[in-house]
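Below are structures written as structure tokens.
There are two complexes below, and they share chain A, which is joined by chain B in the first and by chain C in the second.
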Partner chain A sequence: MRRPGLGYIVGAYEHPLRDAPDRSVAQLHAEVAAGALADAGLTKDDVDGLFCGPDTPGTGPLSMADYMNLNLRHVDTTNTSGSSYLIHVAHACQAIAAGKCDVALITLAGRPRQEGKAKGSLKRADNPNQPDFEFEHPFGIQILGVYAMVAQRHAHLYGTTAEQMAWVKVAFSHHAQHNPNAKLRNVVTVEDVVNSPLVADPLHRLDCCVVTDGGGALVVTREEIAKSLDRPLVKVIGCGEAPYGQAGGYAEITDSGARRSGATAYAQANVTPADIRYASIYDSFTITAMVQLEDLGFCEKGEIGAFVSDGGLISGSGRLAVNTDGGGLCNNHPVNRGGMTKALEAVRQIRGEAHPAVQVPDCDLALANAIGGQLGVRHASSTIILERG
Partner chain B sequence: MGKTTPVMSLSDAPMWQSIENGKLALMACKTCGTYRYPPSPICPKCLSMETEWKPIAGTGTILSWVVFHRKYFDDFPPPYNAVAVRLDEGPIIMTNLVGEEPEGSWIGKRVSLEYVDHDGRRQHAARIAE
Partner chain C sequence: MDLDGFINPEPVVQPENQPFWDATKEDRFLVKWCNVCERAHWYPRARCPFCFSDDTAFREASGEGTIYAFAPMRRTAAPYILAYVTLAEGPTMMTNIVNARPEELTTGQPVRVAFVPTSGEYKVPVFTPT
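Coming up: the complex of A and B.
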């Protein structure tokens, strides 16, 4: 017995560009906002709630609300890095239920390729005044170094191999060949991944996501409005959010907040992992998706290597269709934040609007999960579960 | 590009001073005795604000490691490594392994801390224990 919809996603739009040298960040936000509203069949005058992260230029939501001339009665700038945008979906549902807004707009956009972040050569983006910064940074530790440590330890504890990790990239590349907007559309093999240059042992170049400009937007509303629109109904039935930290230096680095955010969302939706037909899983690196998949209960902890092997994540032939847009590893990773794009492909799957080659037949239940921050040290996981209305 | 740049804040200065002195000290809770890292204003176990800086033995076990093959910082030419060490006092610290690198997996190897000059500053490093 599933629960009633917490809210409905009626608009979803992904910016088609992966390189945006001629657009400002504000313009990208405006374009994705307009795209999602057009997709929903709504106008800017319908929007009364704005949800955004620190990628939005200006002071919180103020500049974009001003540029778009929105008449708002609710704003939310929750920031848990890349997982923010799935939390925004949850918070939009809560705000709608509380009567604080009727039509919530969520945007993400940016142009890291134009700002020098594409080469990994900039110092890590964390605020140097954050208390933990100086206890990792002086030792040359970069964001992907922490993920590499998670991968090394996962291999040590569970025997996970580089070839198994490579299967994640291989699966998403099979999906990306069908996505005309994907940054990388070439199908790769396990050999291609493990023979690509080591970046941070054991992560190879092809274990790492792309860096892209662009963005995306969502529109969330209440049932009556959703049913008045001419779009397939996408119902939010479960949400979870869970920060996970070092606990004073005692936490297990191969665990993630997805265990708690997933359990919360499954309980609210009254479904189990076995019910999920499609999953969007944040994939900054191959290991990132693997840790979330096992913490979300799609397999036992430590068994993800076998689960992803032999095309386990390929739509149609695998064990679970994951990231049918090509994911962050192949499609896009706007602003180096993952949550928005994860929601977008999950909405397409529920609507039946994914590319026919990767569409899950009769996809009535989908999950999207994102990690914001960094596995291993401090992050927040967010989960949403969507059902066809 | 650029160099790594330590930022000194009020609650961290005693740790860097202990490194200068060649004997790493960590915050420990005066109420429950739990060591913690990184430094933080409150005990994550009991929320006590009563804190003291206590020297540690400087021994531990490698929890995980990474070898970077790309250049990210001018003061860390590749290849260079970083290790997460589970100190015998409990917390995990991040540092660099100096000296001989183990064959195969580094995880589980015993290490002892020492103090090295890195680009004009003194910081800790780990070395495989005999």
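Coming up: the complex of A and C.
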């Protein structure tokens, strides 16, 4: 059954660089914008809506809109960190439906490797006025430590093992070997992962994502414009967004907002998890992808260890093809934010433009999910579901 | 894993939580309660996150809890154990586990509050196995 498109993704571009010492952040934003517009067959003068995340330098959209000299009638600076860009897709569809813009540009770009963030040596830019700062910063909160606690508790509750977590990295490394731009193209084994140094038990170094410069961009537009362009049609048919916090001290850290963002998106798209042919799932750590896959309904809660084992996420031979670009664990994690690259590979899969070795045959329905903020503390999950038009 | 080198960063104290931090100087652990719905919450807020009343108050806590989750931070300049502890009063709080080896810790293990200095004038409530 053909579902109505909420909007169409007509342009998608991933910056080929993973280290960008010779470029400015603004330049990278403009490069990915130009790439996505060229992919769509549009120009920057067609853009009338700009969607910016926290990586965009300046006050909201103002500096980049000026740098690119855009003529805008709609801006949106929704910031949920790494999940912003999938929420931007949803908000772009809403703005287009409301007649507020026709061609929406979404960009992500930056160079954390050049700015000392590759090894966590730069302090997090938390605001002391955020109310949790006072009761978390004094205990040495770190992204790594919080995710390690999620993994530790998942292992405690469900018996999830380090070897099962390692299978996530193994699967994505199998995909990354086919991606010439991937930061890490070497295929690794479960033994490689569990024998890499423990960084915060139970997480090993190879359970952690890469840190990369670069970025990506998307162009979203209305049906009439999409059908006038010479690109395969990628319809957005469902969207969900869900913040998840600590509930006053009574939340479960092995749960995530993906349960609610996924349910919202499935309902809008009128599909079930069993219908999904390909999934892009945020993988800042191996456990990140595992919690979301459970909460998105691809398996029962607590059963993800078995689901991912024995190559469960490898395209072609596994239970579900996930992160066929190599994901954040192997390919790309620009500006330490995952949502953009998740949408990009889902678009490639729907178009049939993923690498032939990892392309899902006849991929007519794909899901992209991201977490912004941190599992285990507070985050926002965003889900989009795409269908071939 | 040598935990002795870690110095807790000093808190940035907000006006609504001054009593909490003042009490740490006397090794007293306070938890915020709502006087209307009679539930304890964490982290402390001026307004109850459940019924949204502003009639909240700090009360002396038992100092008893159990480990909810923990992560030995092995690769930091000074290693430490990040943890969530579920308090006897109900809510779960971020903290550290001290005076313990990570290999000896388990989820659900009873712990008791202790106070350690920070880089500033206040102490922080951490937990140690009982």
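Methods note: the second predicted complex is superposed on the first by the 386 of 389 C-alpha atoms of A that agree within 3 Å, B and C clash if a C-alpha of one lies under 4 Å from a C-alpha of the other, contacts with A are read in each partner's own complex, and residues count from 1 in each chain.
Just so we're on the same page, contacts are C-beta pairs under 8 Å (C-beta built on N, C-alpha and C of every residue); 3 or more make two chains touch, one makes a residue touch a chain.
From a predicted model like this one, the values you see are computed outputs, not experimental measurements.
Visitor: For the three-chain model obtained by superposing on chain A, do chain B and chain C clash or fit?
Guide: clash
Visitor: Please work out whether A:149 is in contact with chain B alone, chain C alone, both, or neither, and reply first, second, both or neither.
Guide: After superposing on A, A:149 lies in contact with both chain B and chain C.
Visitor: Thinking of the overlay built on chain A, is A:197 touched by chain B (first), by chain C (second), by both, or by neither?
Guide: both
Visitor: Across the two complexes, find the residues of chain A that touch chain B and also touch chain C.
Guide: 128-129, 131-142, 145, 148-150, 152-153, 156, 197-201, 246-250, 253
Visitor: Can you list the residues on chain B that touch chain A in the complex?
Guide: That would be residues 1-2, 4-9, 11-12, 34-40, 43-45, 63-73, 75-76, 80, 82, 84, 87, 90-96, 105-108, 118, 121, 123 of chain B.
Visitor: So in the complex, which bits of chain A are touching chain B?
Guide: Residues 120-121, 123, 128-129, 131-142, 145, 148-150, 152-153, 155-156, 197-201, 246-250, 253.
Visitor: What residues of chain A sit close enough to touch chain C in their complex?
Guide: 128-129, 131-142, 144-146, 148-150, 152-153, 156, 197-201, 246-251, 253, 376-377
Visitor: Using the touch rule from the top, collect the residues of chain C that touch chain A in their complex.
Guide: 6, 8-14, 17, 39-45, 49-50, 68-76, 80, 82-84, 87, 90-96, 102, 106-107, 118, 124, 126
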